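These are the structures, in structure tokens.
Here come two complexes built around chain A, the first alongside chain B, the second alongside chain C.
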Partner chain A sequence: MVEDNMQKVINLASEIFNEEVKAWKEAGGRVIGYSCVMTPPELIQAAGFLPYRIRALGNVKTEKADSYLSRFNCSFCRSCLELGLDGTYDFLDGLVETNGCDHLRGMFENWQYAKKTEYFHYLKVPHVINENSLDYFEEEIRLFKESLEAYSGKKVDAESLARAAGEQEAVRERVRKIYSLRERELPAFSGFEATALVLVSSAISPQRFLELADQIITEREGGKIAYRGTRLMLCGAATDELELVKAIESLDGVIVTDSLCYGTRAYARIIDPQAMLSKPERTLAEAYLLDLLCPRMYEDYARRRDYVLKAVERSNVDGVIVMHNKFCDVHGVDNVQLRMDLERRGIPVLQLEKEYGSIADVGRIKTRVQAFLERIGVIESGGRL
Partner chain B sequence: MGKVMLYGGIDIGSLTAQAVLIDGKRQFSSVHNSSLFLAKSIPVKPNPVDSAKAVMEEIFRENGLEWKDLNYCISTGYGREKIVEEGMANENVSEISCHATGAFSLDPDVRTVIDIGGQDAKVIRIDESGNLVNFVMNDKCAAGTGRFLEVMSRTLGVSLEDLGGVALKARGRVDLSARCSIFAETEVLHFLQRGIDVGSLAAGICRSMAERVMALVRRVGVEKEVMMTGGVAKNVAVKRELERMIGTRMVDSKIDSQLVGAYGAAVLAMKSGRSV
Partner chain C sequence: MAVLASNEAKTAGLFNRIARMLEIIENFPDEVSDEELEGVLAFLPKNVAPAIGAVLTGRARKAGLSFLKMIASSILGAKRASECGKKVLLIPFNCPPEILHAFDSAHPITSEVLSTLGVVALEGQGERYWDIAMGLGLPDHLCSANTIELGSVLGGNDFKPDAIVQTAPGGCDVNSKIHEFVANYHKIPQFILEKPVDDSPKGRELYLKYNRTLISRLEEFLDEELKEDKLRAVMEKANRCAELYHDLWDLHKESPCPVPNLFSLFTYGTRFTMWGTDEGVRTMEAMVETARKRLEERAYPAPKEVARMLWVYTSYYFDIANLFNWMEEKGYTHLGDGLDLFFPEPVDTSSLDSMIEGIVNAAWNMPMTRQVGGEVMSVSWSDDVIYAARELKADCAVYCGHHACKQTWSVVSILRNELMDRLGIPLLTLQGDSWIRRITPVGVIQKELDDFIKNVVASKKRRGRRKIADRRDK
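Then we have the complex of A and B:
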């Protein structure tokens, strides 16, 4: 029997060193890991490497990482670092750090200090958007390209960059399509499935992802998932926790859209591959800085709020769950304001602070989500007098 | 016991398990005293399913009832889904909705419920129809929960039941600076070694607890009447501190405050069971 395509995606999403990456490595390919949504995978790909977005997949063990970082660092960063230190990520030939946040920097710098991967680059991203910061980021993109060229030993020419940009744009376009099918009145994907697809989109080669995604989109386009209950939106910090999404959806709710770093926020930007032929650095700088929806950016809250409000309206959302990992200051602060702004507009909000990946935490989260669903009252659970 | 139409609520907490049975032939709005329903509370067992089984079997045995007398049952608290899977309840509802329903059914004037159990603290707002309007729960920390009082009473050598009374009788009060249960214990030990009297420390502990809960209260706001439920409601000093901080007297739950969640579950069971 032919393996179900969606099941194949879930399997790929559930493993860090997945079979596609193994095949890439066996064929002599090199893999470069990045974590931050501000890293352009087009450049990594054009230089001949496989870009791989680092994830922790709910790993909760952080004994080794805690020797480098502290217990009051973000548990997602500690979980990723642990997997770097314990050998899970030994297939990575290089790392790209950004100043997404200080926890993330701590993760990358300690990882590199302990493991000394062959390639390491620090891509500095401005916190404000203006002409000067765009010039600065353009220069940073140029430096990143040069460092990749130095590592690969060959120049990144305009054609290969345009090709890579075209494929990465196709990946984003497919994810946007998947989200449009997920957000419609009768969703074609559960939140769990959509999260798995998003995770796989940055963990295998674009060509393979496009093959899989096209088949799945064709299979699902005319159908709908079985669901009843409340339509939810999930917002907040880095969440690659498939099990958490599954736990929330086990409670008569379906997550129809999100504003997550490992979610829509990584796929909103549109890049014209042809622009790579004339001014590649400027194009990438503009795409990655202007379309960046991250609470680490200063004076940009209104845009993030509007992005969420539009998604709520577009997806006909009944309630929004905003969450952040403990000690994540940027999302923690943003979420308070977001909660107040949504509530002011009559949109029910559940704000959650959680530890990354903790199984023990799932029960606690489920209690809150269940009460939230009972409060919204779309389900007929007898939860009301 | 004669022919009854029983509806059950099972509430498994972190320290105790409660079962409440109500007779569907009575209007629940008239249930204002404990003689109108059956209740049982036992210390929890390691497994919530075992706790549910034990507390239900005890309440049945004491009252000459059997499982088959139960018309409809709702589980809440820890392991509430498992209890449904094991066939002991028809459905599960979160403890937040159960406490809201329980408090509202006991007193329809209640708009704010402060429920503090062994590991959770919640502040729940309800509307004039008893619907859940908003709620907030403590984050992953024991500082504003019954566990804090349990740890502190042990440190002071006072029983948990007596802690509130000791605090009320104290001549003075030592304010604690640490909000964390672990560090607060260290701080209390330090004061004990300096010869500070137990009463003043008990008063400081109860105030510290109330302050922690007030942080949650402020997040959802207070509307009168306010009812306190859960085990910590039995601590008179914490309750009085909270009343002082909120600026209003709380209404009495009329039944054992620890039973309000299970009672709410039973009321919801009656509503669901009747519509089945």
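Then we have the complex of A and C:
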């Protein structure tokens, strides 16, 4: 029944208000939405809510959002805002804003301006790492916890926080396991499947995800996917577009690893649940600030580059695709630097700018990827192996 | 100006070309007659002469000359810095330069001012430097305000700063990222000052700590301790500049407005470069003196003041003659733009600590930092614009829609609603690039402004201003 489980994951990943969230809501549960990898879902979970990572799943309609944000704002944020305004996200009882980037800030401000949620909290995350910023972020985590306590009407004690942290760490550990199976010589997962698993990991309860993930890992550990030799790495911004990943992989390539916001960057950190018993805020602050591999951080480029280089080596990657959504400045600039540094080391790179979710863009991207594969000599001219 | 037509000029960097031009301007007398100006303009390339002519137009000439000489002092000071044992630090416009003026061994120059000078005063308007950046694969949604200058640095055939002080994180992603890219590309030391997006005392405290760290790192880099006496001398001049800023602010309230439109640009040009220096004080004094004289004479460039416009963020700079001067000759007063909204406060000069706290406060209040670097950018930006519009008796507002400005674009719809709800003032939203003429021709901008004034502002005035209470003030 392995494929049934994988298919179930794909179905869950393809729907925003998925059946697991519906069941949670029907049982009287409340859901808190967040968008950035610097938001600790442990806290939301410990307060008794379902943490749900906001995504747009390739939604291309942005008419309502465009009357708030502009065409000069990233289409991922416009897509998410659209879903907030058109009622798709009405199941969210609350939102957590982070200052991830200028577009994201605008998205949350407009969302709150046009349609207030019952609960709203702004978690402010520093752009640099030092003792002062760490102390500040620790205090921010404490304020976030207090705000959740006020909304839930109950204290978040150390035990429940450690329990939630243990479950969230188990989720991350399973995703890391899935990535290790994906990155091996004979991959057990396609990029499409891995992306679906990552998306589901932050859209259902941790317990349910662990059940599904364990069954799928057991089945896939000894197997391999149909795979014809081209190993790609995908780097860049918010990429929750399953169809895009599928389209790239339709060209005789498989994405064996990534450095994506909806990918490994969300799962790299390791948190010891025991540490949550003694100094929970500090532990979370260190985990979520020190391990934040995002181009919105300054004086930290070398670490992001090295993370990619290690993944390239570990996964035996033939070429790297770096992508950013049009108007995304943080990735748009970082990607140029990354391209230069990778090429300097002889690693082939395809740098792409795209419109989020655009079906028209998928065709263009496929053409560019095919040309890239031909250029790096993995496939012959004409697209044949 | 034969030097500009030479082959060398065709490959030279922006800074070096600007510096050559300013070496000529440096030697201008303090007073220039119409005939002398005509003679100078005749030598300039045809797409440069109108801009210089606009800056030195009769009604603004004294201040314009003072401004140009101040800018010459800033840029040539950087060029000659190494001869004087100084290091040149490149800063973005939201970095208060007075902290760097207080070091004997530092000389600040400002990316956006250099870009603007290139656009205003160089043949080709700096577009070739933008193209260098694009040629490296950098995205076309970068901000031309700094990428024109930084493109020249990236090109490698130009003056290179000794370090970059980067104060945009928290306020602007695109500004922060391109400066970081240039620093990494050329291995130029970079000093970061983040603005926490937190208006609470906790955010202020963190910002003070960050500033103190920055000062320590600069002291180490420059091998010079920040001296109380030197800082006091700078801050006293900064305080004088602040006084003059408020004098000019009050003069803007008069109708017809006695302050020439271009003084908006001169004011923030001073703030971003020579605030806290003798040259800065002289330029601010020249502006106030000119405006006072014009008030006495009831002088205004048009038969009547048709509209009082507040530009809510940047203006357009690629054709200042056909924007700033054209507007006032049509009776459209430019009351200033968002970059003028830095509301300087007098700094207590009694001790080193009080002065550092004053500078930190000034940094917090720099344009962009204060508004879109605020906790909720739509709120802090709207509050400032609405305050300025009310104080300066604006009857309309214009958002220039500089396409790279993602933060303001992301909340301008909120600003538009708030301006209408709280003051009954319409906002015109344009689209273009403030520094590159390739995107929107100035003729289109003029037509949009004309149509807006004629169809919205003037007809609204005829109907009488709507009485809409300011709900937030209640």
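As a convention for this text, the second predicted complex is superposed on the first by the 375 of 385 C-alpha atoms of A that agree within 3 Å, B and C clash if a C-alpha of one lies under 4 Å from a C-alpha of the other, contacts with A are read in each partner's own complex, and residues count from 1 in each chain.
We adopt the following convention: a residue touches a chain if its C-beta (ideal position, glycine included) is under 8 Å from a C-beta of that chain, and two chains touch if they have at least 3 such contacts.
None of the values given here were measured: they were computed from a predicted structure.
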Quiz item: In the superposed arrangement, does A:Gln7 touch chain B (first), chain C (second), both or neither?
Solution: neither
Quiz item: Which touches a greater number of chain A residues, chain B or chain C?
Solution: C
Practice problem: Please indicate which partner A:Lys326 is in contact with in the superposed arrangement: first for chain B, second for chain C, both, or neither. | Solution: both
Quiz item: So, does A:Val128 touch the first partner chain B, the second partner chain C, both, or neither?
Solution: second
Exercise. Name the contact category of A:Gly363: first (chain B only), second (chain C only), both, or neither.
Key: first
Practice problem: Identify the partner contact of A:Ser180: answer first if only chain B is touched, second if only chain C is, both if each is, neither if none is. | Solution: neither
Quiz item: Regarding the shared-chain residue A:Gly377, is it in contact with chain B (first), chain C (second), both, or neither?
Solution: first
Practice problem: Have a look at where A:Asn73 lands relative to chain B and chain C in the superposition and call it first, second, both or neither. | Solution: second
Practice problem: State whether A:Glu353 touches chain B only (first), chain C only (second), both chains, or neither. | Solution: both
Practice problem: Check whether A:Gln274 is in contact with chain B, with chain C, with both or with neither, and answer first, second, both or neither. | Solution: neither
Exercise. Go through chain A and flag every residue that touches chain B in one model and chain C in the other.
Key: 326, 353
Self-check item: Complex interface listing, chain A residues touching chain C
Solution: 67-70, 72-74, 77, 99, 101-103, 105-107, 109-110, 113, 122, 124, 126-128, 130, 132-133, 136, 139, 295-296, 298-299, 301, 324, 326-327, 329-330, 332-334, 336-337, 339, 351, 353
Exercise. Quick one: which bits of chain C touch chain A in the complex? Just the residue numbers, please.
Key: 136-139, 141-142, 166, 169-170, 172-174, 176-178, 180-181, 184-185, 190, 192, 194, 196-198, 202-203, 206, 209-210, 213, 372, 375-378, 403-407, 409-414
Quiz prompt | chain B to chain A touching residues, read off their complex | solution = 74, 78, 91, 93-97, 101, 104-105, 129-135, 137, 139-140, 267-269, 271-272, 275
Practice problem: Can you check the complex and tell me which residues of chain A touch chain B? | Solution: 326, 353-355, 361, 363-364, 367-368, 370-371, 374-375, 377, 381-385
